[in-house]
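The two complexes that follow have chain A in common; it is paired with chain B in the first and with chain C in the second.
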Partner chain A sequence: MADLWEYRWLLFIGTGRTIALGLCGLVLALAIGLATAAARIGGGGLARRLAQGYTTFIRSVPDLCMMLLLFFGGQTLLNHFGVWTGWWDYLEINAFVAGAVTIGIIFGAYMAESFRGAHGSIPRGQFEAAAAVGMTPAQTFRLITLPQLLGYALPSLGVNWMVLLKTTAMVSVLGLQDLVYFATSAGRTTRNPFAFLIAVMVIYLLMTAVSQWVLARLERRYTRGRMIRS
Partner chain B sequence: MLNRRSLFASAAALLTLLGAQAQAEGVLRVAISTGYPPFNVLNADGTFGGFDVDYALLLCERMQKTCEFTDIEWDGIIPGLLANRYDVIIASMGITEERKQQITFSNPYYQTPSTVIARADAGLTADAAGLAGRTIGVQRATGHECYIQREWGEADMRSYPTTDEAYLDLLAGRIDAVLVDSIPGQDWLASDPAHAVFAPVGGDIYDTECFGAGTGVGLRQGETELLDALNAAIQLTREDGSYVALSERYFGRDIYGQ
Partner chain C sequence: MTLAAPDPVADLWALIAAFSADRSPIDFALILTHWPMFLEGLGNTLLLVLFGLSFGALIALPLAVLRWWRIPVASQLAGAFVYVFRGTPLLVQAYLIYYGLAQFEVVRDSPFWIILREPWWCCAIAFTINSAAYQVEIYRGGLDAVPRGEIEAATAIGMTPGMALRRLILPSALRRCLPMLGNESIFLLHGSAIASMLTVIDILGAGRKLNAEYYLAFEGFLAATVIYMALVWAITRVLARVERRTMRHLHPLTR
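Moving on to the complex of A and B:
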């Protein structure tokens, strides 16, 4: 316990960084996911194929590989581009920005599938009714699809969020120190790994509990108007 | 007029705003990987310590540069060097043929033999016959893996992300022995009374092919100017006695080797 107390500030900073990284990654993943789902559902042939290729590719490559590929590969490409054009020899991408973007790109693929599934859950008759009363596709999306989409997608988005939060631990290979990295490093340094691992477990449990509470409230809010089917 | 070139330039400026920064003169960007006491240590106040870190500071001083440390997970340390996120790796990295295909090393700055650690009462011998059918833990992507595969093919090798997971399994009785560097190994044995039932078995092991020619500073291939400067700085620390003083402080002896 003395070791934990000694390292409390690092654990605190690490927790803050994990939460910030998770939330930034979530916002990006939701944006990318929504755009990809839109492309797959309502896009033209090319957009549809690109979106499908993206979700298939990302979901079939292990997260760690993807992270190393996007981050170090992206950096190397950027360096080559700079040297080729003569504008810079080396541009450092901030590790936090890179981590959030990488997580956003990875989880965007999963979010896209959640949104697509949710879209499929909206009864088809509603779209036919919307067309029958003369709504444009944009109006249908804004007034019919969007308000219901979140309600149907939330359970699956919630699952993705919890996996995403745990995936943030992988950013330490990019040189960004999150909660898990501080804890394992401190555990090795003090030769007291279990105390730190248990602390991490408790902190993650707390984060998950809060997430679940927020998700339950959101779900209640977004399914208020759902029709009860007999 | 907004032509393509200026568009790219503004994109570049935007990237700079996103926290990008050009390489500063007089700074040596050093990658370390904490959690490897007594070489790489994370202090409670977030600062770094250990023999590698202190030695890096000595080298920077001799090169008249300022050390700028990046603490990075071991698995990402070579990719990061290749992507130019830092200039050198000073993290107890052994000079091996496999790594030399990707990066270059300075002259070695220390050399430690390897050793097998097992329960003293297990009656284990550190040879092919004694280890056949026994489980032995190692840190993955190290020379220890190479050595076990070549010398003790009959042993059941278990690879771990770091030696600490191997030690945990050794304590838990899940594996019979570990093959580790002898200095951190001695450090581990002395770190806890519960480790007293374990002991080095069979003495020190030297092997250039697997363990390499010692531990060096890693850098990108083709950076001859930096390589020369590093080797000169290492030489200086040997000549002015600062190396021996540092090594004595950590280990009570000179670990430079031949």
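Moving on to the complex of A and C:
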């Protein structure tokens, strides 16, 4: 306990970094997921095929493996590109940015499936009605699809967020000094890794609990339209 | 004079080696010559996942029944176990078992130390516990889905609760769980990649070792990715077939 108190600021900073990373990853994943789902539902043949390939590829490879491949492979690819075009010699990607981007790319595939499933839950008649009153596809998306999509997708997006949050524990392999990184190094220094790892588990459980509370509230808010008024 | 027999494997190999040497940015020949390492990795990954799944099931089944019967204290304890191990990263759980337990002298002096000092066994234990937590919820869902009428029928013909569970409810529930168990096996396969962070040579571990030995940036990861993809593809195929077989009584007769 005394060890934990001594290193409390390190744990605090690590937690902040992990949360920031998770949230940045979430925003990217939602954006990528929405775009991919749109391509799969309403895109042309090529876009549909590409989106499907992306989701299948990402979802069949472990996230840790994907993270390492995207980070080191992406960096190599970027530098080859820089040399080839002559725009830059050597670029070192910031670990935080790399972590957030790889998490975004990985979970974008899962989010896309959630959005696609949610889109399937919207009654078909509504799209026909929208077309019948003369809405353009863009209008239909903005006014009919999007407001309901969130309500239908939220439970599954919530599950994805919980998995994403736990995946942030792996970014320490990319050299990012996150909660797990600080906890393991403090554990090594104090020769008390057990206490620090238990602390990490408690912090993750707290983050999960808060997420569950927020998600329950959001769900209530976004499914209000479907509730039966008494 | 005899002509040498055509050897397609050697020809293909020469082609790959030449391509790797002068054109490709990725050294395919190097990856292919290290196939025994990747085979070892594949073996370790499969063993660890099978270990975790089967021993996880052994722990999870009784816990799920406790949860389903709502036995006062035991049910809450099982619930807490599920909450803790589903709510924390598998990596941290594995670290806790490998690095965390080793700091206590009691553990180091105990007969379990032969197991707990080996990264492989620590991974196996972590995967078992983690998978057990997920499987409890799967089995409980399956048990909840058993129609009340079936249970009442069992009671009506005089089965004891234990007998009804063994002969009727569990077979019925387990069959319903199969699709979810298939998902869980793929999740655990994905999770098993963290074994490489505890220095175990699993599929990803073989890739990391290759990178480290030859100062490569990502070739090893690429090879690991391809192996994982093939594995997941094969598992989904097998699972679909198993599911069709066990659910046969629910399908309409064709032909």
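By our rule, the second predicted complex is superposed on the first by the 219 of 230 C-alpha atoms of A that agree within 3 Å, B and C clash if a C-alpha of one lies under 4 Å from a C-alpha of the other, contacts with A are read in each partner's own complex, and residues count from 1 in each chain.
The definition used in the following text is that a residue touches a chain if its C-beta (ideal position, glycine included) is under 8 Å from a C-beta of that chain, and two chains touch if they have at least 3 such contacts.
Because the structure is predicted, anything quoted here is derived from the model rather than measured.
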item: Simultaneous placement of chain C and chain B on chain A, clash or fit; value: clash
item: Partner chain in contact with A:68 - chain B first, chain C second, else both or neither; value: both
item: Touched partner set for A:193, first chain B, second chain C, both or neither; value: both
item: Which superposed partner A:174 touches (first chain B, second chain C, both, neither); value: first
item: Partner chain in contact with A:80 - chain B first, chain C second, else both or neither; value: second
item: Partner chain(s) touched by A:7 [first = chain B, second = chain C, both, neither]; value: first
item: Contacts of A:97 with chain B and chain C, given as first, second, both or neither; value: first
item: Chain B versus chain C as contact partner of A:57, first or second or both or neither; value: second
item: Partner chain in contact with A:182 - chain B first, chain C second, else both or neither; value: first
item: First (chain B), second (chain C), both or neither touched by A:204; value: second
item: Region of chain C that runs into chain B when the structures are aligned on their shared chain, from 1-9, 55-63 or 109-117; value: 109-117
item: Doubly contacted residues of chain A, that is, touched by chain B and again by chain C; value: 64, 68, 72, 75-76, 173, 184, 187, 191, 193
item: Interfacial residue positions of chain C with respect to chain A in the complex; value: 25, 83-84, 87-93, 95-96, 99-101, 103-104, 189-194, 196-197, 203-204, 207-208, 211, 217-218, 221-222, 224-225, 228-229, 232-233
item: Of chain A, residues touching chain B in the complex; value: 6-7, 9-10, 13, 64, 68, 71-72, 75-76, 79, 82, 85, 87-94, 96-97, 172-175, 177, 181-182, 184-189, 191, 193
item: Chain A partner contacts - residues on chain B that touch it in the complex; value: 8-9, 12, 15-16, 18-23, 31, 34-37, 41-46, 70-73, 75-76, 79-80, 82-85, 162, 164, 168, 188, 191-192
item: Chain A residues touching chain C - in the complex, by the definition given at the top; value: 57, 60-66, 68-69, 72-73, 75-76, 80, 162, 166-170, 173, 180, 184, 187, 191-194, 197-198, 200-201, 204-205, 208-209
